[in-house]
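Across the two complexes that follow, chain A remains constant while its partner is chain B and subsequently chain C.
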Partner chain A sequence: MKRNDWETAFGDIPGSFCATVGAAVTRMQRDPRPNPHRKPALILAAAIVIAASTALALSQFGVLDTLQDTLRAFLQPGASQLVQTDIAQTARQPRHAAFTVEEAINDGHRIYAVIRVHGDGDVLLMDENAEASWTTDWWQGGEDADSYSKLAYDTNRTLVQASVYPVDSQGMALTTEAAQIHYDGEDIIYTVSFPAQSGQASLQLFTYEVYADGKTHSQRQGFGQLDITVPVTDARSFYAAETPVDLPVGNMTLTALTVEQTPIATYMTCEYEAADGAPDLTYVNLLDGVWADWLDENGEPYPEGTNSNSLTPTETGQTRMVTVYRAFDVLPDTVTLRFHNGMTGETFDTITVALYPITGEEN
Partner chain B sequence: MDKQELGQRIVALTGTLYHISYSLLRSEADREDAVQSAIEKGWRKAAALRDERKLKPWLVRILINECYTILRRNSREFPAEMSCNPAAPAPNRDSALRDEILALPEPLRLPIVLHYMEGFSIKDIASALRCPQGTVLSRMNRGRSILKRNLSEANHDEEK
Partner chain C sequence: MKRFLNILAACMLLLAVLPGAYAQSETNATVVIGDGASIPYLEGIESRLVSDAASIAGITGAFPDTEVYAVSDLQSWTGTWCYELENLVLTDDVLGVFFKQTYSEPIPYDGHGGYDYNLTARIPNILVDGENLSTLSQFSEGYPIDDTSQYSFVLMSLPQPIADGQTLTFGAQWNSDLQAWEGGVSVTVDRSRANDPTVAYTPSLNVKKTMALWEGNAAVEYDFTVERVAYTPFGNRMLIRFTGTCERNQYLDCRLTDDTGAMLNLIPTMQRFQTNASAEHPVENLNEIWFFGGEGSQSLTLVPLGGNWETSNTSHRTASVTLNSFPADVTLENGVTLRVESCALDEGGFYALYTTDGYAGYVSFDLGDAAGNSLGLVFAGYQLDDHSLGLLGYGGYWCEEYQGNTVSRVTPEQLAQVKTLLIDYTVGFPELIEDEKIQVDLTE
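Showing the complex of A and B:
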C-alpha cells in the first residue's frame, strides 16, 4: 500500500467542509465572550457577592439574577423582566437525573432556556463537554479541584455524563447555539438556544454512565423528554423598507425587506429574485447561491449571520431567495446589504435602505 | 498561543478533521456539524490545554466525542454497539481502499485512519482514544489483517 493511497483514500476535502472550519474559527476569533479564567481571589470575591445577593435575587427576580452570565447575556437591554420563570412542562425523566426548565424566553424565532440537571443520590454528574479525567472546575478555567473520576470514586458514586438536545416535532435534533454551562453545587445548569416557531418545544435528555465503579465501564444510558410551553413574547416591534429596489449590477430585484426587533435579537428578512429580462446566468447564479451580507456600520457582516434561508418559487415559477438574518445589536435606522456570489467572490450591488415602523399584522 | 495563532493552527488541521469525521459519520451535514461544534468547544476549552504541542490529538479527541454525540443523537445507541456501521462513501468516488476502511468495525477503523492517514504515533492514538497502547496495537493488527484480506480478495475478483 503506497503512502499516497492512504492520503487520498477519502478523496478531496469538500469546499463546504473547509468553509465550515474557516467560518467556525472566524466566529470564535470574534467571540466577545472569552472563556473565563478567574484567579482564586476573584472567585472568592465573586462567591461572596453571589452569596450575599442570592436570597434577594431568588425572592425578587428568580434564578436569573444569580445566573446573569447565561441567559441575560443574550438579551437586549431592559428585556430581562420578560424572561418567564414559571414554565409549563411535562417530563419523562431519564435514568440517573432529573431535568427542569427554570427560565425561558421565546421571541418567535428562537427559544432561550435555562435547564437544571440534578443527579440522583448515587450519581455524580459531569457536563456534556467534560472528560472524566478533567478537573471538576475546568469550566471556569480551574485546575485545583479533583477530577470527576476521582471524586466519583472517592464518594462511591456513579459518574454520569448528562446532555440536553432540543428536538423538533418529528424528534429530530435541532442545532443549538450559545450552549453555556454552569454548575450550581453539583447541579449542571445548561443555557441553550434553539429555533422555535411556536410556543411549544421539546428537549430530549441523555444520560450516560462513564464509570459505575473504579473497574468497570458500564455504558448504561438513559433517555427522557421535557415538553415545555413558552409563549412568544409580545415585546416585539416591526419595520419595513420600501420595495422593490433594483439591483442593476446583479440583474436582480429586492422584492421585500422587513425587520423584527425582539428582546433577544434583531431579525431582518429580505427577499430577492432575478429582475425582468435578466440573463440566464442570473437565474443560474441564484440557484447556485447569490448571497447577501447584512453589513454593520463598519461595513462588516454581522457576526451572528444568517438565521435561515430558502429558495422559493415565485408566482411566475422563477426562483426567489428568502433569507433571515440576525444581529444582536440594537436596531439601526437603515439596512445595508451587499450581494455577492459566495463561491466566486464576485460582488454585485451594495444598497442601503431606510426603515419605517409597521404593525405586526402588516409584517 | 493567541487567537490568531490558534485559528491558523486549527485551519491547518482541516484535512485531519475531515478524515476523522468522514470515518465516523455518514452525512456531510453531520460532519460539518461535528467539526463546527468541536472547534467551538475546543476554542472555549483552550485554557485547559496545558501543552500546546498537543493541540492536534486534543482537538481530534474533542471531534471524536462530537462525532459520537451525533451518532448517539441520530441512532439513540452508543457507537460501540453499532461498530459495523460504516459511513456512506461520497458519490462518484471509486476507492476500494476507502470502502474497505469504512467497512472496518469502528474500534478498528479509527486507529487505522489516525495512523496511516494522519501519521499519529501509537502513543498519540492511545491518548486520543483513551485506551492503552497495547489495545491500539492489537486493533491496528486486526484492522490491517482485515484490510489486507479484503483488498486481496477484491483484487483477485477483479483479475478473474
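Showing the complex of A and C:
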C-alpha cells in the first residue's frame, strides 16, 4: 500500500511537507501552462478565433450547459424545465465589478447557478484560477492571446481578480463545487454548485487588485454580497434501503442509505458507524475518513458528479456521507457499495442492497 | 494542489503586507552571540541538526530568563503553550532557537512515535525590529521531557542577515483592531563577539537563459542570480534570487555537482513563487538549495531536471537490502550506488539513513519480506534528513493516537515478516539536462 496520499493528509510535517511541495513543483512543471508569450504573427488569427468562439459560446452559457461533464451528459428530459432565469436577487457589489446570477436551479439538494461578473470600464477582470502571466484564452485551451498582465498594461487598466463564494445563513463558507469558468467577451461566467439549504442563498463577492501600485493589502480588496432566491423544484423522487447492514471487514454498521433522484443528478446519503465492540482502529479509520464508492454492474465506481462530496459527523456520532452522481433514466434496483479509507486506500466491505421508493417526508 | 499553492501564496502575501507597527514588548535584554554559554538542549541527546555543541559555540548565545506564552496554533488543540527560550543561534544564513515548550495539559501527540516530537516543535512567531521575520526553509526537532513538555530546536534560513543590534520579539500577537503587534518578549542581538565557522562565497553569478526542460511545455526564460553559497554547521545552502515573469521561472528544479563531477545529496526544501509575476510586473523571488558536501570545491554546478512526464510511470524500480547488514551498498540500475547507513525498525515505524553517489531519481522506501517483495504495509512516509551526519533520511509510521491509546495499522505478525528494506527509485525520470548545466565559480 502506497502512502503518499496518506502522508499529505497529516498536516504540518516538515520533511514530507517539503517533499510534497517539491513533487507539486515537479508536477507543475510538467503540466501544460498557458504560454505567457504572445506570438505576434498570430495576433489577428487569435482575435478572430476568440471572437468566433465567443459568439459560439454565447449560446452555451445556460446553467445546464456549464455543468460538469459527468452531470451534463446524463440530464433527464425534465431538466430544462427546472432552469430559472428571472432570479430574485439583491446585491451589495464590491469595487470594480458587478456580479449577477443569470440562471439557477435548485433541485432541493444543490443549487446550480450561472454568475456573470462584469468589470468597470477601468479594470480588466481575471478569474479566480488564472494568474497574471496566463493568456486570457487559457480557459478554452488557448495560449496565443495576450496575458492578462499585458492586456491590462497595454490598455492602461487595473488588473482585478474576481471570486465568488457561497455561504450559509451564518456567513460560513459552504462546500462549493469547483467553479466552471467561461468568458463572454471580458465578462467572467462562473457556474457554481453548492448545497441548497432552502430557497434562499447568499454569495460573498470578492475582488482583489493584482498589483499593489502603492496600495496596502486591504486597499486592494473589495467585498460584496449577493442574496438570491431560487425556489426548490418538486421534480424529485426518493428511495431507501433496509438498514442496518453489517460491514464485518471494516467493523462498521451501515445505519441508513437514501437516494434522491432529480433530472439533474442523483444524490446518495449514507450513514454508518463503528460496530459494537469495534477495535480502536475502526474509530481511527472513521476519523481518517471512510468513504463508499457506488459500483456499476462491472464493479467500477460510477463517476462522481461533483468534486465536493461531503463526509460529516452526525449529532449522534455517526458518519454521514453525501455523494453526487449522474441522473439515471431508470434508477437501478440495487446499490452496490465498496467502503474504503480515503487516506490510506485500504478497502473494507463491498455490499449490495435493494432500493425501495419512499416519500419526501420519509426521507 | 492548486488551492494549496494559492493559499500558500496568499499567506506569503499576507506576511508581506502586515503593517510593521507593534506595541513595545515587556523586556528588552540582550543575547550575546558567542557567549560560550552551555546549551541544555544538547546535553544527553544526539541531535539530528547539530553535530556537537562545540561546532556552534561561536554562533550561539543564551537568552536571559525568557518565557513566552502563546495559545496553541493547532486548531484541534485548546491549551496554552509556555515557551522557555534558552539559546539563540544566529549567523548570516540561519536563525535558530533552542527552547523548552510546556503545554497546559498533557501534550496530545498523534501516536507517531519519535516523529511526533519533531512535529510538535513549534516556535512562536518572531518579529525583527517590529517586522515579521522572513524565512526561507525551516528544520525542527524535539525530544520529550515529560508528558507536558519537550525540548525543541527550530532552525530557519534567512533571506537576509539579521544585523548586530537588531531586536527580536518572540510571541507577539497581532491586534487587528489596533493594526499593531502586542506583547511578546524582546531581546537585542549582540553579534560583536560571534565567531562564525560558516564558509561563504558571494559568486553573484547572473544567469539569463531560455530552457525547454519539460517536454510538452513551452521554453521558459530564466533570469536569476546565484547570490550566496554558504557551508554552515547545519548543512550547506545556495541562495538564488530569481526575477520572475511567470510562476515557472521563479525556481529551478535541479541537482548539484562539485568540481569533480560528484553528485551532492540535496535536502528537500520548499520552492516558492508569486502568482502575480508577469513580464510587465516582474517580481524578485528568493529560493535556496540545501545540500550536503561540496566543501572545498572550486565550483558547484547546477544541473537542471526535466524530461517527459509520460515516461514517469515506467521509470520506477525497486531494490532491496536485508535489515541485518548495515551499512549496505546497493547498485541501482543506472549504476548509482545507494548506501543505506542504518535502518531503525520498531513497533511504531521505521527510519532509514542513506546517501547516494549519483543521481538516483526520486527515492522512497518500503518494507518487504525475505524475498524482497513488498508487504503492503500501510504507513505514512516522510523525509527527515540528518544534518549532523550529512545523511538523507526517510521514515514511515503506522500508528495514530485514539483516546489516549496508540493504534497500530501493522500487526505484530506483519512486523515479524519484515526482513528487507525496499528502495523505490526512478530511472530516466526526471532526467538530468546536462546541456543546460550552469557552473558557479567559488574561487573568488
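Assume the second predicted complex is superposed on the first by the 193 of 363 C-alpha atoms of A that agree within 3 Å, B and C clash if a C-alpha of one lies under 4 Å from a C-alpha of the other, contacts with A are read in each partner's own complex, and residues count from 1 in each chain.
Just so we're on the same page, a contact is a pair of C-beta atoms (placed from the backbone, for glycine too) under 8 Å apart; a residue touches a chain by one contact, two chains touch by 3 or more.
Everything quoted here is computed from the prediction, not taken from an experiment.
Asker: Looking only at contacts as defined up top, I'd like to know whether chain B or chain C touches more of chain A.
Answerer: C
Asker: A:Phe206 in the overlay: touching chain B, chain C, both, or neither? Say first, second, both or neither.
Answerer: In the superposition, A:Phe206 contacts chain B only.
Asker: Scan A:Val284 for contacts with chain B and chain C and give back first, second, both or neither.
Answerer: Second partner only, chain C.
Asker: For A:Phe223, decide between first (touching chain B), second (touching chain C), both and neither.
Answerer: First partner only.
Asker: Should A:Tyr165 be classified as contacting the first partner (chain B), the second (chain C), both, or neither?
Answerer: first
Asker: Would you check which partner chain A:Glu346 touches, where first means chain B only, second means chain C only, and both and neither mean what they say?
Answerer: So A:Glu346 only meets chain C here.
Asker: Contact-wise, after the overlay, does A:Asn129 reach chain B, chain C, both or neither (first, second, both, neither)?
Answerer: In the superposition, A:Asn129 contacts both chain B and chain C.
Asker: Overlap of the chain B and chain C footprints on chain A, residue-wise?
Answerer: After superposing on chain A, chain A residues 1, 6-7, 10, 13-14, 16-18, 21-29, 31, 35, 37, 129, 131 contact both chain B and chain C.
Asker: Report the residues of chain A in contact with chain B in the complex, numbered from low to high.
Answerer: Touching chain B: residues 1, 5-11, 13-14, 16-18, 20-29, 31, 35, 37, 128-129, 131, 134, 138, 141, 163, 165, 173, 175, 206, 208, 219, 221, 223 of chain A.
Asker: Residues of chain A touching chain C in their complex?
Answerer: The touching residues are 1, 3-4, 6-7, 10, 12-19, 21-33, 35-37, 129, 131-133, 143, 147-150, 152-153, 210-212, 216-217, 279-281, 283-284, 287, 344-346.
Asker: Name, in rising order, each residue of chain B that touches chain A in their complex.
Answerer: Going by the criterion above, the answer is residues 3-4, 7, 10-11, 14-15, 17-19, 22-23, 28, 31-33, 35-36, 39-41, 43-48, 61, 69, 72-74, 76, 78, 80, 90, 93, 95, 97-98, 101, 116-117.
Asker: Inside the complex, what are the residues of chain C that reach chain A?
Answerer: Listed in rising order, the residues are 1-2, 4-5, 13-14, 17, 19, 110, 118-119, 137-140, 213-214, 216-218, 245-248, 251, 253, 268-271, 275-281, 305-306, 309, 362, 364, 376-385, 393, 396, 400, 402-403, 405, 407-409, 430.
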